[in-house]
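Take a look at these structures.
Two complexes come next, and they have one chain in common, chain A, joined by chain B in the first and chain C in the second.
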Partner chain A sequence: MNMVNLTDELEAKADTSAPKIRAQKVNVHYSSNHALKDINLDIYPNEVTALIGPSGCGKSTFLRCLNRMNDTIDICKVEGRITLDGQNINDKKIDVVELRARVGMVFQKPNPFPKSIYDNVAYGPRIHGIAQNKQELDDIVWSSLKKAGLWNEVHDRLDASGTSLSGGQQQRLCIARTIAIEPEVILMDEPCSALDPIATAIIEELIEDLKNRYAIVIVTHSMQQAARISQKTAFFHLGKLLEHGDTTTIFTNPVHEKTKDYITGRYG
Partner chain B sequence: MPNSHIVSSFDEDLQKLRDKITDMAELVADQFSDAECALTTKDLKLAAQVKEKDNYVDQMEQEIEKTAIEMIAIRSPMADDLREIISAIKISNALERIGDYAKNLSKRVSVLSEVGDYTVSSSIISQMISIINVMNEDVIDAYIHKSPEKAISVWTRDLAVDNLYNSLFRELLTYMMENPEYITAATHLLFVAKNVERAGDHITNIAELIYYIVEGTPLEMVRPKGDNSSETNVEFSG
Partner chain C sequence: MTDIQETDIVSRRVNWHSKSQKDRLESRYRKEKIFKALAVSSLSIAIVALLVVLVSILTTGISGFKETRIELDIYLDRDIVGEVPNLDAAGLKDHYATININSLLIKSLQKKFPEVSSRRDVFSLLKLFSVGAQSDIRDTLIADPDLVGKTHTISLLSSSIVDMFIKGKILRDVEENNRKISDQQIAWLDQFELEGKISQNFNWTFFTNGDSREPELAGVRSATVGSLLTLFVTFIISFPIGVGTAIYLEEFAPKNRYTDLIEININNLAAVPSIIFGLLGLAIFIGFVGLPRSAPLVGGLTLALMTLPTIIITARAAIKAVPPSIKEAAIGLGASHMQMVFHHVLPLSMPGILTGSIIGMAQALGETAPLLMIGMVAFIVDTPGGIMEASTALPVQVYLWADSPERGFLEKTSAAIMVLLLFLIVMNGLAIWMRQKFEKKW
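Coming up: the complex of A and B.
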């Protein structure tokens, strides 16, 4: 019986053909501003989906819909249906704290807590009660730092303040903090825009590795970064999703004229 | 016409690359028609000029490659820009090969001017080269105007060159069997004809690249191939 269950579980994990997140007819208004218009987009597991488009096109707004970060904005109204594994995330029965644990987020500017490196990563597992004892918490902190590619640089100073790290290290600390609570989806809002090319390359290498375990959605203004790290790309323009599909197709032969103008750096 | 790039120097760089391709294509077209002229008039001086000018063709290819590589490094081109820059490298490679064939034709002018009469065969070769010259001009036109229709028109004409090559191949084999003294001239003429036929193939490749630059997908039509000389066998009548 156990074997059957295990097989089922493995098959469920291996099923990458079903969307992890499905957005259907999503509309967002900020008061009278219609920020997102009828967005339909599927996010698949074990893939990086890049959201691209000019400033103000709605890509960050859409990203924030996926873990209900827009709930914190009074004038923001979200309509339409967004499901995580088939479950409507805007359903009143959904616990938003639990949702945000399943759909983690990394922001543009690294924002470690003014606490030690250890406590930054241990914070989530502690409040969600993931670890049963100190040993389990240590294991989570260490493995999260390893998965985030930061362990080798900080293992001998886990008590040092998170804010004492370099920008790139701080961002990886934030990624470690996100993955410590075992999310299923990671949202990244321009995670490299404040980093130098070396720190950016390290984060990109990390994203490549993380996608084997999570679905990743990344907002980026760097066309080259979107082309390098994503498997799917979605192009937003004036609140509409104009085109989405395989990244190689979008960057070599986009269908929509506006997509072509944007990615080739032309006046649209 | 596509919109201009926000960074205007990118447009300037692309235009310079296009101009270089056009200049090279025009030089190669001139080389081919000069080689034909040298062949038909047995003009050794003109043949020598064609051989000498091939160095310019090689230099232009290197220059286009260098420009394209620099643009890829500096501009990180995407979509149609990327296709155009990559295709520029491939087009310059094809043009360089066509230039080599013109040089090879010229190399044979000397020996062909010393051997016997080959009027009938050279008439067919002249017909082949005339078609190639028009294809050369039209493929430049298709490139400048980024016209898939014009590119397809050039692409389909290669069949006529192949058919002429096949008939010439049979004719020369027959001549050689009838008169062994004709073997030297016929062998050289076979190489000349093969070079012309191959030039047609490369122009066809350029036409395909023009189509790809504009449409973003390869030309799906089945390429008309008429060269069946590799399977031709002419039996001895006696």
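Coming up: the complex of A and C.
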């Protein structure tokens, strides 16, 4: 992705200038462990934002703050202000179920439900009552599988178990499942770490394609991947956000010494 | 990093061919061999013990499924039976309940053995037959009223002593005073035998009758029905409560001191002697609530208390075994906590929950002690028609028969144990089948 393309898109959509998600002074504690310290980061629509940094630096924790997945961990305390379209997501008025429908998530390990491929994708629309009838549900399932690039491989065996697919196919099924409820933001937590290079390439192409419709935040350990697919990059280190900005700038001209060491592979 | 650099790094090479290494290797092999030998021997001891139990039950019990019958020509004397009223089968049954069937039997016996005249000899001749022989005659009369006034050959149920003698459990060469059957009776039996009148059939009575004072008439029907009713109540109570508790504790309850305390107490409850639950059932359900004694309802409630900890513990283990990734996937799609539990966690843990529950049920089926406390140990002849009627249960029936002095109850005891074991095997088989049918791979 180069800068020219990016500016084209920025001009094409006026509202892209406003951040989709805005995190301000986010602090996270696990019991006594101060996992995230004063994170300020904006996520823009129709862009891929990559979160990079050494293991244990808090990038996954930050990602999980964005759809309040940390709520499920008893000892986890989130402070600060995170807004989605200007609305505080930690507000009591916000329904967490609706939030997670708007901010979807793809996990590190492919985790399809042990149900049929069809039911995997149809689960989200079903619980949110998105489809009015069977026909609509079919449409949603089929188009989601098409968008996730899985349709050609599975269209003749939608009744087969989701767990019978290969690792890469399972991960694309999980992506199809996420986009079936038409989220606004998709969070991806190292989606390719359990996949081989070919499956990774397919997923990366898919992300490239999905970014036209969604804001994507991706945690990755692969510098090449971050450079290839993201427009914005944020470098986390020991719970702090050391540096963030355009991917091209971060990779060619990092301000911070640690960032430079990390992306050149000298550190971490 | 720096710490390691500062200390001296000594490079040691291991000589894999040295004597000490060889000794280590040998001692390791020796230990492995000893462990294996111990495991195999303990397993063999267990198998041998199990075989001994099974064989002893089978050898004593298998004859319990057979009964001895003696054919006898019965003259259905019109003077005794009277005119046949024009009634249906049920009416006839009531009618014949009043007539003296015994005198029919005595007359026919005297005809067959004219030399028997003294009251004492007639009595001991009559002793060859069970009280149930009267119902055999009565049933013949009901089945075919036209037989009245004629002589008909009827196969009569023998008494338990004869049964034991024919089956070889009472030996002929024992001194007469030391056996229940007299030389004279043996002589009569020999005559019957010579005429080919003695036969052994499958003992349907064992499955169609309730308990009886006469071993040859005693059956497991009322105990089996009582056990099934009790288990039904146990399941209805303990399964929903147990699974509900497990779901709440595992998925919804906050993790604090109080839930820890509850957890410890549930685990302790599983180890409480079952008779304590019987006392509890007696005090609460009978003493306080005022439910009837000996009822399957009370038995079921008491056994439910006992089974609950087992179900809760196994259900919690099954729920805990659901991979967190599946839960996260559901939560990440915007499923509420409740939806996550009921759409994903519960279906995935169902095989484990069902297995645990069935094992708990099997345990309840075999439980005797708590039932003794709530009066299910009573002598019950009738088959219970509902959960409020007096009843007994299979293991209690085994206990009652094992306690009886009559020789004939020995094989009944073993036969009842076989029926109980059959139920347990079926239930455990069901558990295995369910586990394999519903188990999903991920």
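Quick notes on this one:
The criterion applied here is as follows: the second predicted complex is superposed on the first by the 252 of 268 C-alpha atoms of A that agree within 3 Å, B and C clash if a C-alpha of one lies under 4 Å from a C-alpha of the other, contacts with A are read in each partner's own complex, and residues count from 1 in each chain.
Here is the rule we use: contacts are C-beta pairs under 8 Å (C-beta built on N, C-alpha and C of every residue); 3 or more make two chains touch, one makes a residue touch a chain.
Everything quoted here is computed from the prediction, not taken from an experiment.
With both structures placed on the common chain, the touch criterion links A:Asp85 to neither chain B nor chain C.
In the superposed model, A:Glu153 makes contact with neither chain B nor chain C. Legend: residue contacts after superposition of the two complexes on their common chain; A:Phe251 is shown touching chain B, with no touch to chain C.
Shared-chain residue A:Asp42: touches no atom of chain B or chain C. Legend: residue contacts after superposition of the two complexes on their common chain; A:Asp138 is shown touching neither chain B nor chain C.
In the superposed pair of complexes, A:Pro114 makes contact with chain C only, with no contact to chain B.
In the superposition on chain A, A:Glu184 contacts neither chain B nor chain C.
Counting residues of chain A touched by each partner, chain B versus chain C, the larger count belongs to C. When the two complexes are overlaid on their common chain A, residue A:Thr264 makes contact with chain B while staying clear of chain C. Here chain A touches chain C in the complex through residues 67, 69, 72, 74, 97-101, 104-105, 107, 109, 111-114, 123-124, 127-128, 161, 163, 174, 177-178, 181, going by the rule given at the top.
Chain A meets chain B in the complex at residues 223-224, 227, 251-254, 260-261, 263-268. Put simply, chain B touches chain A in their complex at residues 2-7, 10, 76-83, 216-217. Every residue of chain C that touches chain A in the complex is listed here, in rising order: 254-255, 323, 325-336, 339, 343-344, 348, 440-442.
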